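Okay, so subunit A shows up in both of these, paired with subunit B first and subunit C after.
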Partner chain A sequence: MDGALQEPCRSCWSGGWARFRKNRTGMAGAVIVTALYLMAVFAPALTPYDPISQGSLPEMRHHAPGGDHPLGTDKFGRDVFARVLYGSRISLAISFLSVTISVIVGALAGAAAGYAGGWVDSVIMRFVDALMAIPRLFLLLTCIALFSNSIPLVIILLGATSWMATARLVRGQILSLRRQDFVAAAESLGAGGRRIIFRHLIPNTLTVMIISATLRIGGIILTEASLSFLGLGVPQPVPSWGRMVFEGREALLGAWWVSTFPGLAIIITVIGYNLLGDGLKESFDPVHFG
Partner chain B sequence: MEKLLEIRGLTTEFVTSEGAAKAVDGVGFDIGAGETVGLVGESGCGKSVTALSIMRLVQYPPGRITAGSVMMDGRDLMKLPEKQMRRVRGNDISIVFQEPLTSLNPVFTCGEQIRETIALHQKMGRRESRLKAVEMLRLVRIPDPEKRYDNYPHQMSGGMRQRVMIAMALSCQPRLLIADEPSTALDVSVQAQIIELLLDLKERMGMSVLLITHDLAVVAQMADRVVVMYAGAVVEEAPIDSLFSDPMHPYTEGLMASIPKLGERLERLPVIPGNVPDPLRLPSGCRFSDRCTKRIPKCLIEEPPLFSPAAGRLSRCWLREGIGR
Partner chain C sequence: MAAFLLRRILQSLVLVWIVLTITFFLLHLAPGDPMARYEHPDISPETVMKMRGQLGLDRPVIEQYFIWAAGFARGDFGVSFRYNRPVGEILAETIPNTLRLTVASMALYVLFGLALGMMSAARRYSAFDRLNTIVALFVYSIPSFWLALMLIMLFSLKLGILPSSHMQSLDSASMSGIPLFLDRARHLVLPAFVLGVASAAGLARYMRGSMIDVLREDYIRTARAKGLPERSVLLKHAFRNAAIPVVTILGMSLPFLLGGAVIVEKIFSWPGMGGLMVEAIYTRDYPVVLAVNFVVAVMVILGNLLADTGYAVLDPRIMSKETGR
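Take a look at the complex of A and B:
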C-alpha cells in the first residue's frame, strides 16, 4: 500500500541509532563511557598494584610519575594509577545506581501526578518544589552526619535528592501523552489506570528519561566527589576520586600528581557522560532531530 | 426487533468559564440487536460526545454526564461502578475512533496491542492470545498476518492502522461497535474498503453498530436507521429509506440539499446558512430557528418536542405538530 510496508521489521528506535552513529560528539561520549566501564571491570588486569595496601614507607612516598608508577604514588606509597582505576568502580557504580533510583522514583511520582491530576498532582508537585528548595549538599551532609557514611547510604541519598527533576519532566510528558488518542482508545477497550500508566504512558517517556538520566549522571559524580572531598562520601580506605583529590591537596605543590589525576578522571567521566547524553538527545528526542 | 441499548435523556455538560455548556442535551434513541444506527450531524453537534457518554469516557473535568440512562441487559450503564464499566468496555461495547494514525501506541507492535486487549478480557495464555490476535488480523483482511503482527504502527499505512483498530475493537466479540467517523481521516479509496469491511464483519459477527458520521453517503450505505442530531439534541429519527425520500425536519432537508448529485450542474451547492449555535447561547425556542428557512413565529418562542408524524419516525419541528397522530 505504501513504501513503509517494504521496510524490514525493526524497532521504532532504529532510526535513532542510525542518527546516533553519525553523531560525532555522541559517539565520542559513548567511547569514553564504554572505556571507563571496561577500565573499572578490568582494573586488576591493568595494574599490578593494590589500591589499598600501603607501600614501604618512607621510600615509596610521593614518587613522581614515571617508571614503575606511571602516575606516581601518594603519601602512603600507594600507586595513583591503581587508585584511579579502582576509584572508577566506585564513581561509576554510585552514579549509575543512584541515577537509577532517582529515575524510578521520579518516573513514578511524575506519572502519578500527571495521570491523576487534581489534588494528587498538586500535593506531589508542591512536595517536589519543597524538596528542590532545600540546598542539596547541606541535606546530604546532615543525613550523613546523622547516620555515618556507608556506600549504600550515599547511593540512596544521592538518588533520593535528585529525582525531582525527573518527576517534573515525566509529569509534563504524561500530561501531553494522556490527551493522545491511543490512551482514549485503550480506555475505550477497558484498560484501567495502572495499565494505562505502565503500558501506555511510561514506555512512551522512556527515551526522554534515558536522555535526562545520562545527562544527570555527570552531576551525580560531581556531587559524590564533593561529598568525598569533604570526607563524608565513601568511607576510608575505599579509593574514591573525590577523596583522592582531597588527600592530595596538602601536598599539591610538592606532589601535584596525587590530586591532579583523579581530578582529571572526574572531568573526563563527566564530559563523557554529557557528550553521550547530548548525542542521545540529538538522535532520539523528536524535538531535536525533527 | 430486540433492543440492545436504550438511551434516554442523556445529558453531558462541559464546564466553561462562562457556565455549563450542554454538548449533549437529553438525547434518547434505541439500538436494536444486529441493527446499524447512523448518528449524523455536522461537526460540533454532539455526536462524538454522545458516543463517549455511552461508554462513560467523557473526561472529567471539564465534561460530566449530568442526567440520563443507558440501559443494556437491564442494567443502567450510567450507574455501574467504574470497575464493572471497565468490563463492559471492549467486551460488550467497543469503539473505533476517527484517527487511526494516533490511536495506536507507537512503542508497541500492532499485534501486541491486539493481544493485550484479548488478554485483558479473556483468560488466555500468551500463545493462545497471540494466535487469536493473528486470527483477528486475518479477519480484518490484513495480508500476511503472522508477519504483520510484529509491525510497529509507523510501519503501516492509515488504512492498515484503521484495520488494526477494528481488529482490536472486535477482538472480544462486542455486541455493539461504536464507529466514530471510522473512514473520515482516510483517503477515498481506502474509505470504501473500510466501510465494506465493517459491513462484512457486522454481518458475520451479528453485532449492532452505532455509526457516527457527517457523511450521508456512508450512512446510506450502512445504516438501517438514522438519528439526526443538531446542537446537542436529536432533531429527527427515521428508517434509512424514508429519511432520504422524505426528510421531516428542515435541518435534514438542508443536509440532503447540500450533497452534490451526479449529473447535476450547479454553480454553487446550496448550504445551510449560518453556523451551529454556541451551546451556551442557543436561540430561544427551537435551536434551529436562527438558520431555518421554514420558520414560523412559534419557533422563536417555544422549543418543539419530538413529534411522531409517521410510524417509526420522529421530528423535532413545529410544522409536524399534530400530523399523523
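Take a look at the complex of A and C:
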C-alpha cells in the first residue's frame, strides 16, 4: 500500500523517548515532579507531625526553623514542614485532575468544531473567544460567587475555565489532519464521523495535547494557589500552599518562615512541570511548538 | 483600513454581548440567593419580599435579562446590593485607580521585556543569555502574591523605604504638586513591579526568539556589510522588525495583567476594580460582578483590537491579505 495512506508517524514515540532521555531540562523536570509525587505519597513517613491538629499555643507557636521543626511552626503551633508536605497532596491532585478535565473538554470541543465545520465551528469558537476575553481569575471568581467553595468545586472550575486553549489547538490540528489521505481512506471505507474523530483524529493529536497539558499545569497550580490565598479556593483547615502564604502575612517580620516556605514549594513545583513540558516539547514535537 | 476597522469593531461588540449574556445566565440560573444575607430575625419576610421586588429579583429570568440588557445599553449598570449605590458611580471611582496601576505595570513590562529579550538575542548563548533564561524560568514560576509579600517584608518592614499599602499617604490631602506626585509614585513602585516585571519574563523570551529570527535576515547582513555599527544594526534595523509580532503578544497580555491586578490590588489595598471584584464575590453583589466583568472584557477586547490594528499598520502585508488585494 502507498505510504501516503498511512497515519502519520506512530513510531515517532520511540525516537522521542530516546531524545527525551538525553534532554537535560526535561529530565530535570521529570526528577523534580517524580520527587514531589513521592513526597506527597509518603508524607506520613517523612514527618512525625500532624498538619492540622494544633499544639499547645503558648509553647508551640512561631518556633524558628531548626531542631525539631526544620521549617518552624505557624501561629497555631503546627509544623510548617508537615503542612508543606501535606499541602503538596492538595496541589498535585487538584492540578492533575483539573488539567485532565480541561484536556477532555477542550479536545471534544476542538474536535467537534474542527470536524463539523460550518455553523457548529462558528458557535463553538465564538464561545471560546468570549470566554477567553475575560481574564481567567475573573471568570473563576464569578463562578465561585455562585457556590460555596470546596475541593471538588475548585477542581471542576479550574478545568472548566482552562479548556479553551486546548480547544483551539486541537481544532487547528484536526483541520490539518482532515485534509490528509488517511482520513479520506477511512471515509471511503465507510467510517462514520464519530469513528473518524475518536479512532483516527484524536489519537493523532494526543502528543500535542499531552505536551500542552504539561505546560499548562504550572499555571493551574499558580491559579489554585491564588484562589486559596484569597480564601476562595481550598477550604480550611486543609493545608494548601496558597492559604499558608496568606496566614503567614500577619507576622511577616517576626515569623518570616510561615509565608516563605510554602511559596518556595509552589515555585519548585511549577518550575518542575515547566521544565518537564519544555523537555517533552523539544523531544516529541519540535514542529508545532517551534 | 476603514472597512477592516469597522469589521473588527462589530466583531468585538458581538463578543462583548456574548460574554455578558453568558455571565448573566451563569449568575442568575445558579443556586445562591443575593437576598440570603438579609435573612435575619430583625428583618421581616415582607421587607425582604419588597426589596426583592425593588431589585427586580421576583421576575422571570428572561424578563430580568431584557430589563438588565436594556439598562446596560443605556449605560445603566444597576444598583450595588451591598453599597446601595449606582454601580456606575462605584466603577467611576475605581477604574482610574486600576488604570493607573495597569498602565505603570504595562510600561515596566514592555520596557523590561523588550530590553532583556533584545540583549539576550544579541549575545545569544553567552553567560548573560543563559542567566536570563534561568531567571526567566524562575520568575515565571513565582506566585505574584508570594513575591508581593516578600518585597513588602524586605522594602517596607525591614528597610522601611517603601510603603506597603494604599495609593497615597493618609496626609496626602495636604499635599499638592510635586510632593503629591512623589508620594503617589512611591506607593506605585511595589505593586507595579510585582505586576509588570514578573510577567516581563514571558515577553522577554518571546522577544528573544523574534529577534533571533530577524538577525538571520539578509538585510541585517547587508547592514553589517556596509559597515554600520552593531548598535545601530540592532536598534534601528533589527529591533523594529522584531517588535512587530510582539505587538500581538502585548494585546494578549492585557487579560494577564488585569487578572494579576486582582491579587496585587488585594495585597496592597489598592482601591481598584480587582479589590472591588473580590469584595463583591465575598458578598455576592451580582450587579457589581457583572459590571466589572463587562469593563474587563471591554478592556481586553479593546486591547486586542488595538494590537490587531497596530500590527496591520506596522506590517502592510497583513492589510493586503485581509482585504484580499
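In this text, the second predicted complex is superposed on the first by the 274 of 290 C-alpha atoms of A that agree within 3 Å, B and C clash if a C-alpha of one lies under 4 Å from a C-alpha of the other, contacts with A are read in each partner's own complex, and residues count from 1 in each chain.
By our rule, contacts are C-beta pairs under 8 Å (C-beta built on N, C-alpha and C of every residue); 3 or more make two chains touch, one makes a residue touch a chain.
Model, not experiment: these values are computed from the prediction.
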item: Partner, of subunit C and subunit B, that touches more residues belonging to subunit A; value: C
item: Touching partner for A:135 - first (subunit B), second (subunit C), both, neither; value: second
item: First (subunit B), second (subunit C), both or neither touched by A:199; value: first
item: Partner chain in contact with A:189 - subunit B first, subunit C second, else both or neither; value: first
item: Which superposed partner A:263 touches (first subunit B, second subunit C, both, neither); value: second
item: First, second, both or neither for A:274, with subunit B first and subunit C second; value: second
item: First (subunit B), second (subunit C), both or neither touched by A:242; value: second
item: Sites on subunit A touched by subunit B in the complex; value: 1-2, 4-5, 7, 9, 11-12, 180-182, 184-192, 195, 199-200, 203-204, 206
item: Residues of subunit B that touch subunit A when the two form their complex; value: 55, 57, 86-91, 94-95, 97, 99, 102-108, 116-117, 120-121, 147, 150-152, 154-157, 159-160, 165, 168-169
item: Complex contacts: residues of subunit A adjacent to subunit C; value: 126-127, 129-138, 141-147, 218, 222, 225-226, 229-230, 232, 242, 245-246, 248-249, 252-253, 256, 259-260, 263, 266-267, 270-271, 274-275, 290
item: Touch list for subunit C against partner subunit A, complex; value: 14-16, 18-19, 22-23, 26-27, 30-32, 137-138, 140-146, 149-150, 152-153, 157-158, 209, 255-256, 258-260, 262-263, 266, 277-278, 280-281, 284, 286, 289, 292-293, 296-297, 300-301, 304
